[in-house]
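Chains here go by letter, A, B, C, D, E and F, matching the order in which they are written, and residues are numbered from 1 within each.
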């Protein structure tokens, strides 16, 4: 399936912190950058996410802000 | 100012496509990755954004989904 | 690709209203319900979206509010 | 009150999974579709949400992505 | 209708900037604060929004970030 | 750093409810208004947030809906 979300960045899961309803997932996307994601625990289980998995961070353009020094 | 948003990724503006209310801004964040952002035209003007600017993409963790093949 | 987003609802594109940066896409998801989506024009072009296409509306759980009379 | 959010879909609460800060609420919206929502525990208590309640899922258009096979 | 969104702030519309798909609406919420909103043009028309209208800004808690100097 | 987010509203932290992955933070923004925010626990710790802190609520325009009676 192709998705309209303009940002689909390849990365490797480095950490999963489970909560009750949500979990926090950390990705290493290379170039010294990491991405933090909060998704439901059900998603973690459905995708069988675990550290070392190669995945994609998917982000809709309207959710990306810009900061400038 | 420090911001709660967990994702603050350094990049260089490569393209700005102006619209009426919103604009699309493309960043090169290195490692072969680009990020697409849709912000208001007023933001583009206030930050005086132009191609070549070094900026940060700021993304709240709750806006990051995960895809897995 | 499997996506963490819990909501993936099948529908048919009934209308596309193009803008400059963004477009509005209307889906018929059956049961008398329609869904309205605002995505970038680039997404409309990349997915070659047109009325009659069978697609999926994808919505992260954290974006769904509840209203009660 | 009328709300700008274009998507207001009637459904029935089928499940509430409480967490500490947030809860997950599942709605049956008919036509074989369910919707998953993550809202605060305070919202669940304020709206006195319980399985069987008829409610509306409210989703802003900018939060709806499109996927196409 | 009661809505799960925790933030419902009363204000007065001071400006509407129409675009093609979206519009920008500015509210004066008192205490020297204004709020900027981007909604669809269809919403502006459906709600018959115009400067001087008393309205509510509605914001889901998961969309509010915190900054600290 | 200047941020594209159009809404940056000064307030005082009045309450922090910690969860496992996320926390809820309540701000008093004056004029009788409060704002509710859900951010990660890591953010609360990184910003060393505590009741009494003067902070800013930061909200992207695309996340602000309008309600009208």
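Note that in this section a residue touches a chain if its C-beta (ideal position, glycine included) is under 8 Å from a C-beta of that chain, and two chains touch if they have at least 3 such contacts.
Since this is a predicted model, take the numbers as computed values, not measurements.
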Chain C and chain D share contacts with A, E
Maximum distance between Cα centroids and chain C occurs for chain F
With centres defined as the mean of Cα atoms, the chain at greatest distance from chain B is chain D
Interface copy of C-D among E-F, A-F or D-F, with over half of contact pairs matching by residue number, is E-F
Given that chain A and chain F share one sequence, their CA atoms superpose after a rotation (degrees, nearest 5) of 120
In whole angstrom, the CA-centroid distance of chain A from chain B equals 17
For the pair chain C and chain E, the C-alpha centroid-to-centroid distance in angstrom is 23
Chain D and chain E have mean C-alpha positions lying a whole-number Å distance apart equal to 21
Touching two or more other chains in chain D are residues 1-6, 19-20, 22, 24, 36-40, 42-43, 47, 56, 58, 60-63, 65-69
Contact graph of the chains (line, ring, star, complete, other): other
Checked against the stated definition, the touching pairs are A-B, A-C, A-D, A-F, B-C, B-E, B-F, C-D, C-E, D-E, D-F, E-F
Within their complex, chain E touches chain D through residues 1-6, 37-40, 42-44, 46-47, 56, 58, 60-62
As the complex stands, chain C meets chain D at residues 3, 5-9, 24-25, 27, 29-33, 35-39, 43, 47, 49, 53-69
Contacts from chain A onto chain D in the complex sit at residues 1-5, 19-22, 40, 42, 60, 62
In the complex, the residues of chain E that touch chain B are 17-20, 22-24, 36, 38, 62-63, 65-69
